[in-house]
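What follows is subunit A paired twice: with subunit B in the first complex and subunit C in the second.
== the complex of A and B ==
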């Protein structure tokens, strides 16, 4: 039975909705991918390269094959189909063929009854390596022998760059880059390698279907693009490969690339048994891509009144051994290099190179984090040079609707930069806490190092922005399917299918909120996220998933409702079942020579955030306590305000981590701190409370006017924390993470 | 897994299975097992040995059983008797680690970064080692023979740490690039013993074993420098040698200020 009259439904758009997975996760009851199991299951293990660069002369499996409990030992020769895969370019061997290009590259696979048997057997595989000189210096890489002589990323509409080892280079030329201002500020900035450091290591279960096909249950960010990479390597048709989302323990970009998908499936198909793979923490650190480390040369020219007249920036990104999403990161770094400011003249050059360092790819902020750090440091220095208040300087240059970006794209949607700056600047900064106090509330925290000696307070400010959704002509879409039927009580109920990956960001909650709102129904259930029953949702990345999923579910719900109205009512056993595909406004590529737009836009929309940070730094020991963070973020429309503030807090913590401690350290390409003992993440004592002010300026063209919210806090917080550190220490601090030595001046 | 119910039983089992790896809180042992760094023949679970769990004070000597946890030190009467050890206990890991981790385990691991070691060293602690052959004691300084190496014989267990509380003003400090849950980049315990006219300092993570420096109180002006000079730090992934030496100098200066105020 149906009722056309609007009903009061809870958990709709704009409501605070508690997360369904919150309780189970806190209580340890949530089933992560690493908790999967199946009857008769074997354990897979990957043998990885101990070298950053080496030739493989031979691989001898004899000893490994005779070890107890072993069911399969596979190498590149056993890859049934295409030997290489990749998110955008198939440049990475499924298993190394004749050469390894990074520390931890997969060389062989083992399946055994017990994980330890698999590990022990892997130790018995004899790989004869001939170590080669690793390419580890990004600046020198463009003169060294190419790691990929066939230059797999060239010739895809990108600028032709003949230098060896260039993954992509882009030049954005805007106005007259030779214009001079009254003052010029130049600086060089470095960003270390950050890791996504998700707590749930790469895990999954591959189950053969008995008919040559495979079901892979895995923690991932984009089910369908996994399938499209897995199937050709297994020499299967896409429909023979079904990827199902298993419980994801964090992603942050690090699960866009494949991990266990092909490997687990190969072992399962080979043995005819389900195969589970779970990376150890160390393996996780070497087994996924990281945030690109960067070196940035910046010059800002401005007039006495503070107006920027020209920004010149050269960005060098180290992409590591394989392309992953480096080409997009390269261009994103360039697009957002100037920050959210109106600049009439600019010359931005961004280059990403192949090296034998750890491979880099997607991570929250995607190129904009690195440039925001450099650009905002420049803005602070400019303010000092002009004796202007840093907030005032930013307001004078704030980008607004109607302004033109360095790519020539005119801002047509919402761009409340001045508003986020004003609202953030208006948040009251707390007074310094009196001394004496518990040393745990001083820099060094539990270490008990100071009672106030050496402690200096600093307040910093930064603004950042980035794109929402995929860019540069990518045909991006999300499918959603809605089924309306009468439940056991004869009440109308809905089931929603969407392959959007729930990676902890809460997209399942959003999907339910949209469906309840559109259908005016309480009875909404979500079907499992899978490639088997619905079309692609695209990736849980680029701050796009909420926008795209909401758009698709809204479309499908409205179509289902219209169909219901047409039919008048549903009888027992009747159902409406339809799928709709949502697309945002089309973008087009940038011109390969000028970096200018070739249509109306290269990016769909933008989101900005301003952040003020208070730190106390022990300038004699170089230790810091971040005391307070206040932020105003442009969110379009907060679909679930609690989830939005959660994203802001988490995203801020991740940026704070990069500012103060998070760095993958390498020596000749080898990772030296692949553990949570030495790769430090902020603890509750490092991360202060965050005051979040949500600026709701609806985005035209987005469902409900929303914008993605996951990345802007990460983009801006690194810059804002270091701004505060500079104020506290008086030092230039041109590198993140800031090390104690940098503060002390060693 | 061998689980004795008394110290005698534990010692008999250790004599019988010298290859058995003792486990107290397991906060070091389980990491080693999980990382596949160690595959002992057997595990000697000391968690059910009551003698190891207790502390006592007899004739001016404080006897801390090897199984006493950081939480017990921090929140019990021992804190007033051994203030620097209590401060060190507060810096260890997280509440979960402090609830499990023990003094005996810290000595067993004998890491140059072990946080319980410097405060015990400035208090002149001795280690009590027991075996079926009997009980011996030795100064903690002699017990720590190298990085992650101690003077235990294969049939011995650490039964207790013995210390005569000096009552001298003392403090412990630890430097790490994060405000909790860090392995010391460098650490320092210092006491100013006016009764004996002596300054004593011990530092961690700046040499193969925790360092020890002592000087007459009259040398307070140069003492921070003496501490920094005594260190033999290295560059590693956690910090540079230059920073470690610098930080020790700063810590020692501040510790003197605290203890001589």
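== the complex of A and C ==
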């Protein structure tokens, strides 16, 4: 048959498309990583350190090995290959060797017939620890004994920092940082440790292939980089390790680092049986990296007319025990420290240190959340100092195409900061609701603790921005493979392979939309996401996956279509099968000494968002109810408007969580609230309606002009919620999450 | 020990050990992994099922306690290929992202609408406040509940 003539296809770019995985998910049939099973399967369990810092004198497995149902008990000596791994630097032992550096570090592995047998056997492993003084104060860490004496992150094009425990330090010097303005505002801000708290716990199934290799079915964000970390530790060739995406119950950055991949594979290879591992919630809290806690010192200098003349900021991030993606977070925090404003002079220092606190790495917003909170608080205070409307102050400084960022990079693509500010400010704010009223609509809600006497209303505003795609010279690419063939009815059909991780954000829908649009076909199926049949897709992070997957699938589809046209027709049994690799515009590193660009750009593109928040706060009880949120977000082009607003609403909720309740608490490095009882997440009672206005200003270099949409709402919402709280309480509120005590002023 | 119970209208038997939760028995013993295991501490609602018609967290019920009782899980809601109206509404409203909260929310929503066919926004919030969703920010979940209420 000949190639199909152009015809109307539903589910194309720009349409609202219901998720293809929606049916299986609502029926409970979608197979998440924790739902998998295999014949003869064993259960794996990890023994973890009860200390934040200790030397391991010895490990005695004798008692554990005699427990019922036990098939294997493994320690560092059983790691077949490289003993350490890491996302960017291999500084983390697969299993602790002679020292543990954080609470919950993996020490030993057990495989048993039943998970409870595995847990009980793990309790019988005798580890002789010698507790050491933990490094827990990020400010003092640079004077204490090094946790990693070999300084694994130094010498990679980063600034050489001779101080102990520095993961990375970057200084951005722009213009003349000594310029004075008419006014100066300075403040110190703190951000607590936030957890991704994805609902699907870390899980997976490792299945030996009988020939020395392994198949790992796991919930992850980047299949190929998992494989490249797993294979050397197992002493296997990459092709002997096949990583397959199992259903992912949310990610938000927390699945960039490995969890069960090497551990499960070790147990499976050792026992010759499939091994399943599922973390409990408590284990999940210690088993993945978190958002970096930060302390930020900021000084904003401006003229009477509100124009910023100089921003000076020092950012200190606590990276915890291992590097993870801390080096990139450190520089991202610096890049976005000034907010989406044109500032001619700046001095930004951003430093991340190793400590014995919980390891930190990627979480939605990636460094920009912390600095946005500080910078926007400064902007509010500046507005008050100058008696200017906060929205007007922001408009006067709004970054625009052609402007130069503190890194020296000129904005060449879309940057509609003024537009998102104006559109957000134009959203109608609801009128205050009269008292008395149903207590469910008062701060404290179902707790029924107030009649509303002490309630004060406040309206806040904030703007934030962040990079899209990987930066600083990273070779960022995505592969897609397209097969065209005739289906059973003789109709042209397509199968798309792309290893892009579907973590809930809806990238599989985007892939199908792009393929239908480009091929003008209804019959598009997606092959399983795996390392086995297609090249790397890169990570489902940095708001890049939709852009990169769309780019790759578009390229592959266009090539397949051209091939089809060349051939004229496909016969029964014929097929076209080709793979293409998409790269975005190249970036280059920042100069290690000046923080200035060394080529045209360090970042590919940017997305911004403005948000207005209305809160009611009971200033006597310290309770808060967020009443309403309105936001305008720069989305480039909305490929699926329903999915885009879903990302905005969900991302906003996570920022609200950091503003009001979410914090991992530690005592001498030990996590004290590793449960959903003690680590609070926003519930249906905490989330107000969110009005989203999508600003479509196409990004010139991106497929269809799209921008990633996942992170900007999380970047801006913490700042916006606290801005409203300040308006309601009159207090400075320099720390998130804001605690009831802070509101009451205790 | 061996328990027998009626699950989604079918008589079933399972071998369980003393401390095992109903959730574990459903997921690992009875081949019904639809009910989810996000916290196993009664804090998230991802494991919501109906036990003799009453909404419970399956992670907080001992499997042994369900002996002789009737359980409805998310797998028992659709009528063959035909989605339950609540399930259909979740798909149409875009209330599903990662979907890990969805089975529990679908069961909790069906329970809410059985008790209150046309709930107010405050009633929806209160009824679903025990079901955590980390992805959606709840807006589209509320849309789904209103949509399901409207088509009933």
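Note that in this section the second predicted complex is superposed on the first by the 737 of 746 C-alpha atoms of A that agree within 3 Å, B and C clash if a C-alpha of one lies under 4 Å from a C-alpha of the other, contacts with A are read in each partner's own complex, and residues count from 1 in each chain.
Rule of thumb we're sticking to: a contact is a pair of C-beta atoms (placed from the backbone, for glycine too) under 8 Å apart; a residue touches a chain by one contact, two chains touch by 3 or more.
Fair warning: this is a prediction, and the values are worked out from it, not measured in the lab.
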Which chain, subunit B or subunit C, is in touch with more residues of subunit A?
C
State whether A:254 touches subunit B only (first), subunit C only (second), both chains, or neither.
neither
What is the contact status of A:683 with respect to subunit B (first) and subunit C (second): first, second, both, or neither?
both
When the two structures are overlaid on chain A, which partner does A:449 contact: first (subunit B), second (subunit C), both, or neither?
first
Looking at A:551, would you say it contacts subunit B, subunit C, both, or neither? Reply first, second, both or neither.
neither
Which positions of subunit A sit in both the subunit B and the subunit C interface?
116, 280, 440, 446, 677, 682-685
Complex contact set, residues of subunit A against subunit C
16, 18-19, 21-23, 25-32, 34-35, 37, 114, 116, 196-201, 247-252, 278, 280-281, 438, 440-441, 446, 503-506, 642-643, 645-646, 649-654, 675-677, 681-685, 687, 689-690
State the interface residues of subunit B toward subunit A in the complex, per the touch definition above.
35-36, 87, 90-91, 94, 171-183, 185, 237-240, 242-243, 246-247, 250-251, 254, 257-258
Would you pull the subunit A residues touching subunit B in the complex into a rising list?
116, 119, 280, 282, 440, 443-451, 453-454, 620-623, 625, 660-661, 665, 672-673, 677-678, 680, 682-686, 739-741, 744, 746
Interface with subunit A, subunit C side, in the complex: residues 17, 19, 27-28, 32-41, 43-44, 46, 73-75, 77-78, 83, 87-88, 90-92, 94, 96-103, 106, 122, 124-126, 128-142
